[in-house]
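Next come two complexes built around chain A: one with chain B, the other with chain C.
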Partner chain A sequence: MDNYLLQFPEAWQFDVGDSIDIWIKTVSQDHREVFTAIKTAVITSVKGIYSLLEMTPWWLLIFIVMILGWRMSGKKRVGALFGAMLFFVGSSGLWVHMLQTLSIVIAAVILSVILGFPLGILIAMSKRAESIIRPILDLMQTMPTFVYLVPAVILFSIGMTPALMATTIYAVVPMIRLTSHGINHVDTEVVEAAKAFGSTTLQALIKVQIPQAKSTIMAGLNQTIMMAMSMVVTCALIGANGLGMEILIATNRTEMGKALMPGIAIVIIAIILDRLTQGLIKKSEATKT
Partner chain B sequence: MKNDVIIKVENATKLYGINKPEAIKLAKEGADKETIQKKTGVTIALWDVSFEVQRGEIFVIIGLSGSGKSTLVRCFNKLNKLTSGKIFYEDRDVEKLNKKELLDFRREKISMVFQNFGLMSHRTVIDNVAYGLEVKSVPKEERYDRAREMISMVGLEGWEDQPIESLSGGMKQRVGLARALANDPEVLLMDEPFSALDPLVKRDMQFELLSIQEKLQKTVIFITHDINEAFKLGTTVAIMKDGKLIQLDTPQNMFMHPADEYVSKFIDSADRGKVFTAKHVMVTPRCIVRPKDAPEQAIREMRSYDVSTAYAVDARMSFLGVITIDDALLARKENLPLDSFIKKEVCTTPPETLLSDILQTAADSKYPIAVVDEKNRLQGIISRSAVLSSL
Partner chain C sequence: MMKKTLLILIVAFSMVMALGGCGGTETGDEVITITATDNGWDSQMLHNEIARIIVTEGYDNYDFQLSTGSSTMNWQAMLVGDVDVDIESWTDNVVTYQDDLASGAIVELGVLVEDSAQGFYVPKYVIEGDEARGIEAVAPDLKTVKDLKDYAEFFPDDEDPSKGRIYGSIPGWMADEILYKKYELYGLDEFYNYARLGSEATLWASLNAAYNLGEPWVGYCYEPTWVSGKLDIVLLEDEPYEPGLFEEGKTGFPKQKLKIVASSALAEKAPDLIEFFESYNTGSELVSKALAYLDETGATHEEAAVWFLTEFDYVLDEWLPEERAAKVREAIQ
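Take a look at the complex of A and B:
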């Protein structure tokens, strides 16, 4: 009965935290087979990507990146630089860790595109869908990652699966946003022309709007890749192997030098992936005036 | 061509905003567009517009920006929906078409050319032109054949496989025109198609449109803010202001009887020489002689009308030339027939020639210009002063 005006009255407080905890636990127990199935699917696909990368001889991978770097930038210099950077990662003894990190990032990006691209189109086409999905996207981007890491761990236990989930939740947002932005900002007259010549909604979308929005959608893909890369260390916290795990271990042992090398490797991969996808954006812009 | 109505607009009204009933009430009380916008937040884009478009004509809608002309043109193919009123294509109410019917209507009957071309930059020229055929699933071979035909009609042979960005503005609009014609529509909607082009290219395109129209006899609904363009192309011209139709008339009638101050101000800037033709200023020649006439008779005729030249025509009224009073006197003196004195170096012109095109000839020539029809029959004459005073 103290001063209600100064202190928030205790009687008005409520706590849903406990009941949510209980709910999550019950769900995870009651539907264990569902989550096990998801987990198996995730592990199989990430492992599939990993073995594909692992099967590729190291020199071939470096060669492919060099060629891509050259084609995307138009400069041989850039290709050579990319090759040297990758060679540096390998010679630092981090090749396998790099492949592990890459396989999770690639899996997360593929999942983000599969989910994000159609959702982005949906938002662009329907005002109602937009009003529902936009706030959820804001929530996904601002909610601290750790908050959904815990339930992900409860549902899927530690390892690749919660890491992939967390990365996807974080990285899918720019894919959705930029897809819808791109489609909404196609020149009005071009869309009108598509309609005026008797296109169905689907024809206008596939034949005109998506191709015209291609460079913006590619920018979304670039952002998605970058955000997936930025989750690497966080994912190590819930047991995903790779460069992030190396950094985490070194940090725990306060070995700064050992943490620096995988750190640099992450930067190198991020730069290469960024420049390669930037090249894609520029290419699609070239076909657009 | 008379009374073969292809499109009929009845009381077309289009409002943008929430509080429409209030705005309609105010508009009926005679409030102007700005007041209504301020009081209710509703924009009146079209208000009670009615007119008919004849098959095969070039119907020009002219107005300043914000006059509702672009809104109106988009109602014909239902890119915009009317708030109230009706638009009929032949006997069908465009507003009542269902989804399937609307697609067919757009694919078969009506097509559109846009101000900024509306071309798809990710496609080549030929794939742009063939777009309308592609969406109605015409086989590739057939649609490419048709597209090639259209491309060569607008004079772009050899550019089929080029990307759009490699084209100049005028060429882009040729692609736009070819695309619109590829479906072989009945009606062509053109929303300020030449406004983004520079003056020389614009003139070429206007000429191109007129010659294509002559060949294909499409009905064209043409939007512009350029009065000279309107009068040059239009068989009928509709002037719009603040969403209302102010006057609908032929260019000549509009010049002679402008409906109000606004119209006369609008047409003030127009070049009269590009509206009026030889037919409008010619006068009937007062003195006509035949080559077989006796010189004495010709002299008497000229004296009785108090003129110094007579116009010589044969029995079928075919124009031969002029005879001056001096030559007629000479003929009498030397007792020669009149026909050896006929001066043939007189300029002739068909009645449809624009005054601006005969201005120079009129200024240079010694005798009035003779207006003759396609069978060379004399219709009338135009004196230099008649041309100059009409401009």
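Take a look at the complex of A and C:
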């Protein structure tokens, strides 16, 4: 009592932890159908992507990546290098794990684009929307993942569903930010010119602003993919199988060598995805001018 | 410019040093800091707080701090002597335990809890139902791990409708390896998928979520822990423990001894504390009571530790010489 100047007064402290716990539990009980429906939708789509990847023979996938790498960079040896790197993942015995990881990453990226692209446009078009959504984005990016990982398990059980949720929350942010950034930074004169010729706001958006902002939006996609990749190990904590789980098992046993291989595999996938999307950005820049 | 910055840095640094020095002289002699592992589970946190009270109040010149981290990382830190003591050490889950002991890096000081259990658990309502909550017993004849074969449909895997789901232990723990062997050996792999969760927090969250909804759940758990104290869960029976066969997954888990393990440097650093750690022993019943108290009252671990030492006052006489026990009693009054 005597040193309330030095210590925060106890009477002014409050604790909402319990009521939030109870709230989450009641929500999970009362709206079970909703969560089950979401769960079924997620599981079906992730499994769909997985079986599509699984159906593709390994050599075909390597071949496709080689061709894409060659096309994007214009150099044959880049394509060959990508092929060799993917082959290395396969020869480390991690092919199936890679596909499991990829299917969650791809699903998260698709979901991020579906959510992030329109939201980015909304922020760019409306100042009010921006002042509401921007602080939420800051929150999503800085909130430690573990804080929403456990409630995600309570609501969506374990496995792909909470993994996809956590990855999307984290990875959608650059998609939104860079979409709005790109559209905001299209030359105002160009937009005015379009309007002077009688196009509506919507027409100016679709025909002028979005095509002009394409390379920035692609950069957002690239960042989204990279951030989704970085969540792979965290997702293993909630039971998502794949490369992250291999790392987790190995590190928990302090088998550092064994953890290295899936670690390298993640780096390889990230590099390939990064270079391929970077190539797309360069191409869209080239067509712009 | 550079000189000025440098001067400011020197002044600031010496002020910090002076302040630090003041703090040191106030408490008298040189204070030795004891570092204990905090791997994040409740019972260990409680034991750490009990030990903190005894080490700082019952003895002179000791300070007590925690090293918070994963059990694997803390174990490595203890091997090199950065961490002094691991109270409530699940040595059976540490693959390298015997080697580390043989290398002399660590020493076993005592046994904290003699009768700890682990294995596959189900909520009690799965077997007996719960009238108050309107839950029907789905598997009234489920008694042993082998019986699980007949009940796979009641423990559905929502990612694979053709099979049930068993929640395994934490990846990398010995218990997980053994349970996985058992899962294959007992032919449960034909009926169930074996799901691994990366951390205890999420494993307990999945059990809690299922319990909350009254859904069947089968998976790994251990006692004493707040989950086993708070939820009514039942250990599935298995073949009686036999060394040799157990490692292959053929028998159930033995009652585990939870030990107090210390870095070998502790004996030199704090010789008078060894007598306390050697006799520090609680048994799982007292711990479960304290954990239940923790959960019911929402007390902090520190408050629960004080409650524990007041409620089970007699333990002080078992653990400590007379005058030290008196000092602790005086402090927690």
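Definition applied: the second predicted complex is superposed on the first by the 288 of 289 C-alpha atoms of A that agree within 3 Å, B and C clash if a C-alpha of one lies under 4 Å from a C-alpha of the other, contacts with A are read in each partner's own complex, and residues count from 1 in each chain.
Convention: a contact is a pair of C-beta atoms (placed from the backbone, for glycine too) under 8 Å apart; a residue touches a chain by one contact, two chains touch by 3 or more.
This one's a predicted model, so the numbers in the text were calculated from it and none came from an experiment.
Bringing the complexes onto one copy of chain A puts chain B beside chain C with no clash. When both complexes are overlaid on chain A, the residue A:257 reaches neither chain B nor chain C. By the document's definition of touching, of the two partners only chain C reaches A:146; chain B does not. Of the two partner chains, chain B is the only one that A:195 touches; chain C does not reach it. Applying the stated contact rule after C-alpha superposition, one finds that A:57 touches neither chain B nor chain C.
Contacts of A:43 after superposition on the shared chain: chain C is touched, whereas chain B is not.
Rounded to the nearest 10, the angle at the Cα centre of chain A between the centres of chain B and chain C is 150 degrees. Taking chain A as the reference, the larger set of touched residues comes from C, when chain B and chain C are compared. Looking at the shared chain after the overlay, A:236 reaches chain C, while chain B stays out of its contact range.
No C-alpha atom of chain B lies closer than 37 Å to one of chain C in the superposed arrangement.
Only residues 18, 25, 28-29, 32, 39-40, 43, 47, 146, 149-150, 153-155, 157-160, 236-239, 245, 248-254 of chain A touch chain C when the two sit together in their complex. The residues of chain A lying in touch with chain B in their complex are 187, 189-190, 192-200, 203, 207-208, 211-212, 214, 287-289.
Across the complex, chain B meets chain A through its residues 74, 77, 79, 103-107, 110-112, 114-123, 131-132, 134-136, 163-165, 179, 183, 189.
Within the complex formed with chain A, the residues of chain C that make contact are 70, 72, 75-76, 95-96, 158-159, 167, 170-173, 195-199, 201-202, 205-206, 208-209, 212-213, 298.
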